[in-house]
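The letters A, B and C name the chains in turn, as written, and every chain counts its residues from 1.
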Amino acid sequence: MSYLLNTWYLAAWASEIETGKLFHRRLLDLAVVLFRKKDGTPVALQDRCPHRFAPLHMGKLLDDVVQCPYHGLRFDSGGRCVLNPHGPIPSAARVRPFPVVERYSAVWIWMGDPARADPELIVPFDFMVPEQWYVGTGHLLIHANYELETDNILDLSHIEFLHPLFASEAVRAAQVQSVQDGETVWCKRFMVRDDPPDFIRVGFQIPPGELVDRWLDVRWNAPATMALYAGGVTSGRPRESGLVVQQAHVFTPQNATTTHYFYAISFPRTLGEEGARRAQESVATLRAPFELEDKPIVEAVARNMGDASFWDLKPLLLQMDTAAVLARRILAKKIEAERAAAAGA
Amino acid sequence: MSYLLNTWYLAAWASEIETGKLFHRRLLDLAVVLFRKKDGTPVALQDRCPHRFAPLHMGKLLDDVVQCPYHGLRFDSGGRCVLNPHGPIPSAARVRPFPVVERYSAVWIWMGDPARADPELIVPFDFMVPEQWYVGTGHLLIHANYELETDNILDLSHIEFLHPLFASEAVRAAQVQSVQDGETVWCKRFMVRDDPPDFIRVGFQIPPGELVDRWLDVRWNAPATMALYAGGVTSGRPRESGLVVQQAHVFTPQNATTTHYFYAISFPRTLGEEGARRAQESVATLRAPFELEDKPIVEAVARNMGDASFWDLKPLLLQMDTAAVLARRILAKKIEAERAAAAGA
Amino acid sequence: MSYLLNTWYLAAWASEIETGKLFHRRLLDLAVVLFRKKDGTPVALQDRCPHRFAPLHMGKLLDDVVQCPYHGLRFDSGGRCVLNPHGPIPSAARVRPFPVVERYSAVWIWMGDPARADPELIVPFDFMVPEQWYVGTGHLLIHANYELETDNILDLSHIEFLHPLFASEAVRAAQVQSVQDGETVWCKRFMVRDDPPDFIRVGFQIPPGELVDRWLDVRWNAPATMALYAGGVTSGRPRESGLVVQQAHVFTPQNATTTHYFYAISFPRTLGEEGARRAQESVATLRAPFELEDKPIVEAVARNMGDASFWDLKPLLLQMDTAAVLARRILAKKIEAERAAAAGA
């Protein structure tokens, strides 16, 4: 399994990495330990002591330094050994550090060439800037390859069948636009003159009796980083006068068959406590369908595919798969380019 | 692992496939969904939507049509797509159908070339025709290769050691005849002038004090389809005047290392309610030794064999293995013939 | 995975093999059944009937003979078939016997060429001769390769970090001598003028206020057979006047990734009941750090190494690794010599 390496992966929600604690997670089939320095800056190191390969996360965090649980070697936030309790520090005593950046309520990790780890390459999630938004966040572990999750989010026509409580047949019958813009893919669904269920109406503050123009716009960027804009307005009025609820759906491979699912929903800080409450409540509400409806089907798809690759199984592609196929092709091309560059180097 | 393909496998007991429900089972390492049409006819399809590989059994049965759980495509009993809720139906939108026949209280599936699926090739189990017999049925999942189960049933000399409650040493000391008749193998044990335990005596309605002539005749057909005729008569009288209890022991591979064990016992409908009661009680009684005595030993044998093949381990064959070896050779020859035909085609 | 074959492995503590019972354990990836003859002599056979591969340990022990659970074949302590209830005994009806010797409170097994199984090659553990010592024994199953356990015991500098209750920093700061003597490796730690925790002081019967000279000497022999001598004396006095507590740490691979950990601690029979009590109490006390501190870290190391070999991962070796590296090299050389001899034969 080849992963795209020179890209930012969401490693953890910012809130998962607590001050004074060692947090660990397997990412791209590598063990990673994460922690915060005293000044709050996040740090990521390979979770394996170079001496005898003990996981550092089982050790201790002493200020900005990690102590190995087995023989007490200490490493700083750059992975340099700063103490060998048993003698001089060998020059080779280093743990691999990974560039990390805290942004958009998350900690992003770069697992490729550190020299190319430009924070400006992080996919923007303006609606998760914590100074301006209350961001409700969640995490699920999915037993399926991460690209199956890209497929899931980029084609929301499944909502009618998989999430009966969340949507009417309007979603499926929507006008759909799948567009590639550089290396970004958009799948935009537009539902005109819809008569949606009450809770959707309430969400967009549209009184009973009035028809609704709704949209579900998904933005994808490699590797599997998606934003979902769910908007609604009284039918006929301009979109700009409507309300939009903004979600993140970001997937990081634990390995080829297991995926970290990071999801979030945002409400503006201008709403005050009401916004904080809605962020918490909404993210808790979202978890149910993600965990009880999407996860089982995506995992069943993975089991049904076995060891075969997606393309080898010759999927019957339909029009609504356009965006997901664009995304799969961009990702494949980028991975291939990395391989070719590595071979040429 | 190669399976014999052009043959009928027992897929499920007829009673397992309930009207209006989707039933699924893994057979020969393929996911299969089974259901009944409104007219009761059983249907089997590959349990994988051709679009994005979701298992159809997680969807809905709408009259004679299956709706995929993920995006709502519908397939009829022939595997043809009859509805694509998202647009026109692509001509490639088909699920693989499997020929199935309901006969002898079971649903039989043909996983090879459909053109060759002749129902007359189903191994006859006259004593399971539901119009004439009460048939008690059971199912166990065995973590062993199915041929180890053929070995088990074709050599009942193990009864004395593995099922102490069920048999005296008479079974082991019986006269044994192992015969190949075309592609059918018989292993017939005959015990003359036996003084069996009371419950066996009662089963054959032979009063205390009288000696018994007993027999245990097992008929095997490929792939692993066996009938067991257990008979008894007052010693010296003709067999025809005795009683016979008839069982089925049919094995279908789930995969190379796991096997569906279908067992049954029949009593004639002429016995009325008494026959129905005995079928139910007997099949429940049989389960205990199958589950608690045969299953553990056969699974332990499988673990002890590891990944090695039966022949590579050079089993020490004894006379009582004659029938099982005949069966293994017939099956191997039939699989080899299929391979050769496929290579030549 | 290649194991050293022509060597004695600890198969079980003598007390584990009870009279009249069949004991079984997987060793070097082979199933082994162990029992005692009526005269108490231990016996080891491959735990697999040559007929149809049932595990013999599921059968019966009848005096000095094992009866297979499946078809009742009987094998004597030399592995010869002595009864085939179904006919004559084929000359090939043999189970592989393994040489075993009961010595030092343990049963040792030889899994290589039986002609070379010289009991004098058993690594001496004088302090486990049951006539002179009370020996408390224990067993743990470790999910890691056995050489990681050699590493663990041969470098006790980990005590400070992994077993905070058991040792002060004195252990780490000790004078360390790593010596190879023939095919024996010693790692000797000497702590001069130590002020140890009370329970250590009590163990060595040194009154409060007095400084202690302590030592921890570990002796290794292939494959992974270690003795630990933990001694202490009032500082400045000769070692011979001090007390020594003697432990065994012996590891036998179940397979490449799972290891039997046999540990023991001895007290002289001259102590009478007090010695018996201390052996029992001490071995129970030892279990806690072995199970709750060493086992988790060694297993985490194994997981962190994945399928890679120790040397391929390029461990950062420190001075305290000298003894463990000597041991790894001796073992590798011995295995290589066996391979070469086998290839030349």
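In the analysis below, a residue touches a chain if its C-beta (ideal position, glycine included) is under 8 Å from a C-beta of that chain, and two chains touch if they have at least 3 such contacts.
These numbers come from a predicted model, not from an experiment.
> Same residues or different residues: which describes how subunit A and subunit C meet, taking over half shared numbers as same?
Looking at both copies, the contact residues mostly diverge.
> What is the size of the turn, to the nearest 5°, that moves the C-alpha atoms of subunit B onto the matching ones in subunit C?
Copies differ by a rotation of 120 degrees.
> CA centre of subunit A versus CA centre of subunit C: separation in Å?
Measuring from centre to centre gives 48 Å for this pair.
> For subunit C, which residues are shared contacts with two or more other chains?
None at all.
> Which subunit A residues qualify as touching subunit C in the complex?
By the definition above, subunit A touches subunit C via 31, 47-48, 50-55, 58-59, 67-72, 84-87, 90, 92-93.
> Per the contact definition, I'd like the list of subunit B residues that touch subunit C in the complex.
So the residues of subunit B in touch with subunit C come to 151, 155, 157-158, 160-162, 169, 172, 296-297, 300-301, 303-305, 313, 315-321.
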